[in-house]
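The letters A, B, C, D, E and F name the chains in turn, as written, and every chain counts its residues from 1.
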Amino acid sequence: MTRRILLVNPNTTASMTDKIAAAAGAVAGPDTTIVTDTSRDGPASIQGYLDIANSFTGLHAAMRRHPDADAVVVACFDDTGVDALRCATDVPVIGIGEAAFHVAAMIATRFSVVTTLARSVPGIEDNLRRYGLAARCRRVRASEVPVLALEGGDPACTELIRAEIRAAIDEDGAEAIVLGCAGMADLMAMFAEEFGLPVIDGVTAGVALAEGLVRMGAKTTGIGAYAPA
Amino acid sequence: MTRRILLVNPNTTASMTDKIAAAAGAVAGPDTTIVTDTSRDGPASIQGYLDIANSFTGLHAAMRRHPDADAVVVACFDDTGVDALRCATDVPVIGIGEAAFHVAAMIATRFSVVTTLARSVPGIEDNLRRYGLAARCRRVRASEVPVLALEGGDPACTELIRAEIRAAIDEDGAEAIVLGCAGMADLMAMFAEEFGLPVIDGVTAGVALAEGLVRMGAKTTGIGAYAPA
Amino acid sequence: MTRRILLVNPNTTASMTDKIAAAAGAVAGPDTTIVTDTSRDGPASIQGYLDIANSFTGLHAAMRRHPDADAVVVACFDDTGVDALRCATDVPVIGIGEAAFHVAAMIATRFSVVTTLARSVPGIEDNLRRYGLAARCRRVRASEVPVLALEGGDPACTELIRAEIRAAIDEDGAEAIVLGCAGMADLMAMFAEEFGLPVIDGVTAGVALAEGLVRMGAKTTGIGAYAPA
Amino acid sequence: MTRRILLVNPNTTASMTDKIAAAAGAVAGPDTTIVTDTSRDGPASIQGYLDIANSFTGLHAAMRRHPDADAVVVACFDDTGVDALRCATDVPVIGIGEAAFHVAAMIATRFSVVTTLARSVPGIEDNLRRYGLAARCRRVRASEVPVLALEGGDPACTELIRAEIRAAIDEDGAEAIVLGCAGMADLMAMFAEEFGLPVIDGVTAGVALAEGLVRMGAKTTGIGAYAPA
Amino acid sequence: MTRRILLVNPNTTASMTDKIAAAAGAVAGPDTTIVTDTSRDGPASIQGYLDIANSFTGLHAAMRRHPDADAVVVACFDDTGVDALRCATDVPVIGIGEAAFHVAAMIATRFSVVTTLARSVPGIEDNLRRYGLAARCRRVRASEVPVLALEGGDPACTELIRAEIRAAIDEDGAEAIVLGCAGMADLMAMFAEEFGLPVIDGVTAGVALAEGLVRMGAKTTGIGAYAPA
Amino acid sequence: MTRRILLVNPNTTASMTDKIAAAAGAVAGPDTTIVTDTSRDGPASIQGYLDIANSFTGLHAAMRRHPDADAVVVACFDDTGVDALRCATDVPVIGIGEAAFHVAAMIATRFSVVTTLARSVPGIEDNLRRYGLAARCRRVRASEVPVLALEGGDPACTELIRAEIRAAIDEDGAEAIVLGCAGMADLMAMFAEEFGLPVIDGVTAGVALAEGLVRMGAKTTGIGAYAPA
């Protein structure tokens, strides 16, 4: 019996979908099929509350295009629309932000997040608090690299992220680093090697946990806040 | 490439090991080998802080008997010794309590825990607080069924647990139930079916997450609180 | 100099807009004009995360139809879309949920919320926690009266709400009651009189605070999380 | 129908009363009368717990001199005596500290406070925690300008406050600034203009919210912690 | 070398001073002298925020009558004036509320408080939160016995307190009971015996801790929030 | 009637026992006998979770060698094994970490901890959070002086600790310092004198509080989490 994990990019930038598909493929088991899709309606990148709100229609439509998915991973570090999607399906829906935090909490006592713009920091902090993992996070750091700049492969962007990782280790006492953007998925291995500590990409974490949840038969609850409308 | 997940029962009751091995086997992937072992030194069941402290020597020895394990799952809901073991290895070490909480947090907004004795409640509450997941947990409920009584298959025990699950749904507004003892692993499917909501067993969750962590290449950090001595 | 406060009903039920317009008119100052509008695109009522996500497009469009507003009040107790709208304007944007909580916190040490359905409780609790006011709230209670049932004026609905208010006073030790739905705006005075304690309607509170913020010249910040895209 | 808002300076320095009266007059509506009064018994400025305790008798007497007030604003950023006064009246009593925090929370996701002396910082932090708004406050900063030095109009004092505002923006990521002393009321507009972000004075905020509460008919609760003795 | 501990009753009811003197005498060491004094100015009992504020002048005067005290214990469970007194002396000042909480936290994982009137509950809860011990306290329960009624020795009062202790054990899972009023000092031994669990009186705890602090040479800090004016 | 306080060094380094015995002797009352003992089985110093877990057997054995003790003080700042020991006795068991925190909370509003290695920081932070005292602690600072290096009396070690104390005062706004290792007991007086603020050693605090608890007749609860097995 095989399983199908739908990995949705909730922004409309297809090159980012390609990047996260590669990350997902590397972690999926042999009996798991990764299906990727890209939103067709909404912002080109998701940076802040307005983009988050504006991306839902396209994200929801993407999920509906794949009714046979056994789990859904939303490839935006803000966990855009995750709560809402859970009301619309009974398969597990996992945001890559929460996935990264849960993994980090199991392999380190304290981590820091390195994300894109400062404008995204309060939202990530609020998510950490809502998920309850704020006490495990030393600091959410902005590299001031915009999401789409990550697509260009500009070494200056990599350097800005590198500097924040170094600061997280030296100043925050971080024992692990969480990369705070789906567009950083391709940097995980390089930085882990370079800094000698766990570097966690949410896409990778999201696929790994989704596969685990499907394997154990976990379903999104149908009562309470996630009950179908 | 296959992977080996070591599932340790940190108490010395072998019949419980058999039960958790069955739960683990049902969730493991085809390319994953579950290795189980039982502590040879310590209490017959782990109920409260004194048992927790007294079980570490045997648990540590069990882990050392399996140096080729790719991940370790500690099959005690109190997450006995997990922090200490992480200082002694670089593979992921997962407690079944934390695993169950992380899974619950991804499929429901609010859950309740049904455990064995009242004496274990404060420790579980403290773990929830330490992991940051206390706000997601409505209540930790004691069924007053001792751990070893679960081994006998006495219907009266099942009935006590059933009554607490019902109360968790009716009084707490729980959207999912976490079973708070490794010895309840065989009850997960029955209660999920009966009550129509997710019922999460920690052994199952622990194996699922451990497999995911190994697949994504996650390692226990080697710096900070978990640095090797 | 007069001021214009836009009061948006983010669901598409016009009869509810009429009700909240009446509540708003009673509290606005003589030099304040209340402009009401109703979403033209989205759910007929907002109950849970999926409705919240689906209401944003219509809500945003409604705000854009009134570029001369000096402040915006979002008349949904879940504070639907408030963060996102703040990224799209520099006038104050106030949700009726947060308004009610802030007022309650200034006139009582402990309050309880009486809302519509149980499915909305976790979202309101999360808002309280995010706003920091969770410690002041004894309990969020569901009356199990759906939003649209409030429109019919059925005495049985009023009775269900009354029962929860009584329980909040007797069991929770609530010193004030927050009505957790825009559709309850017309019940504020009656229950305050009947129970002899403050009963706070969010629409009324939202308009009162919005007027105050405009009068003091407060603007939504343009830097950080609410910076224009 | 007009309304009367009593603005009490709980220290005995009349020049400070003049300053806050000017701030209050600028925000009050046309149908609102601001009545100011100064404590006749107590410390000349309120800096720390001992001054707070010693100011209550004079503050209470001041409130009793104005039995026709429709609301009371206590013009000390520590919210001196606010809880106690609420037990002695049924009109709203608002501290300028809490008013500023509530306003800040509605126009920014994160703010910093710039106050006078370091000795006042823990008390303000405790208030933030008690009101629940600690998570929204990045940092409480001391300018080390004593309260009474603000009265002299010394440019060096202004410079010290300016430096802390700059640090709050640059180091804390503050999106708005709360001025942590009634004696800074005259600096609000200047700093808002200079730094291009919301700068919130508590006196202004307190009057604005008090007027809103009166307009909506809100009363201090008469049951529970604020019940009359 | 002997030490003198000043035990101040901050209300003006001398019979209560006699009762607490007896409790203090039973716990003091042979080389410790307990000096008791009663406020000469303020309320006859302290129930709620207004009484707290009104009791400070008399309490402060009482402390000044004993400049040779090596430590001060404030015998009101609300810890009336403790922060302010610490600004006025360098010897340790201990409130009986905090003393009881600290002792409870060292001998039990969870306790409940049984106090006098419901109106005092929010203040005690706020103290617990401010001291950080809220997570250890299951519930603050009101017996609805007024402070002065305790002086009469009416068995009905004792019965009301007994009922709350029983409920704390049965419903809250309390492992220890904190008596939430100085006037209950004489009930500690009886209830401990009767219920077979620790029952902690704040006067007793306050004297015990004060003696320990003096013996170890601990002084109230002279910098920061408690710096002398 | 005299009392016997057992002070156990849970590591096997006898020279450290001598040092803490000296600190304890200086604070004990004339009618108190301090009995010291050293673990005979376990690590030479306790630095991190693995050492903590490995020290319990020896610590427990040490306690059992002194059945006549009226209280037990565990002389490791991590409060190693304290919860477990409480299940094995009805006399008070006090960890020197918690003792120091409780004392600090009564003489200052904010303190910082200066401990040995960075690897111990998360555990101390978790203890602070579990005890509820995290909000009172500004920061846990690592001096990077290993426990056993303290035994050598190397001035370079003292200098490293001094630098952190200075930083705690200057950067953290600490009003008191807690020394985060039993091996620093002999430095308390020197640093208090040098820096002019309270410096709290846990051994001293632990003995002072233990004596107080015995004097007031406090016992470890026998129900709930600490019930005998």
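The rule we apply is simple: contacts are C-beta pairs under 8 Å (C-beta built on N, C-alpha and C of every residue); 3 or more make two chains touch, one makes a residue touch a chain.
Computed from a predicted model, the values in this text were never measured in an experiment.
Chemist: By that same contact rule, can you tell me which chains touch chain C and chain D alike?
Modeler: A, E
Chemist: Over the chains that touch one another, what is the least number of steps taking chain C to chain F?
Modeler: Tracing touching chains, the least step count from chain C to chain F comes to 2.
Chemist: Compared with chain B, which chain's mean CA position is the farthest off?
Modeler: D
Chemist: List the centre-to-centre spacing of chain A and chain E in whole Å, with centres computed as mean CA coordinates.
Modeler: Centre-to-centre distance between chain A and chain E: 51 Å.
Chemist: Please report how many Å separate the Cα centroid of chain A from that of chain C, as a whole number.
Modeler: Here the centre of chain C sits 32 Å away from the centre of chain A.
Chemist: Out of chain B, which residues touch more than one other chain, so two or more?
Modeler: Each of 83, 86, 109-110, 118, 121-122, 126, 129-130, 135, 173, 224-226 in chain B touches at least two other chains.
Chemist: Which chains touch, pair by pair?
Modeler: A-B, A-C, A-D, A-F, B-C, B-E, B-F, C-D, C-E, D-E, D-F, E-F
Chemist: In the complex, go through chain F and note every residue touching chain D.
Modeler: Spelled out, the residues of chain F in touch with chain D are 109-110, 135, 173.
Chemist: Residue numbers of chain C touching chain B in their complex, please.
Modeler: Going through chain C, the ones touching chain B are 118, 121-122, 126, 129.
Chemist: Could you list, by residue number, the parts of chain A that touch chain B in their complex?
Modeler: 27-31, 83, 86, 92, 94, 98, 102-103, 105-110, 130-136, 169, 173-176, 196-198, 200, 204-205, 207-209, 211-213, 215-226
Chemist: What residues of chain E sit close enough to touch chain D in their complex?
Modeler: 47-54, 56-57, 60, 81, 83-84, 86-88, 118-123, 126, 129-130, 224-227, 229
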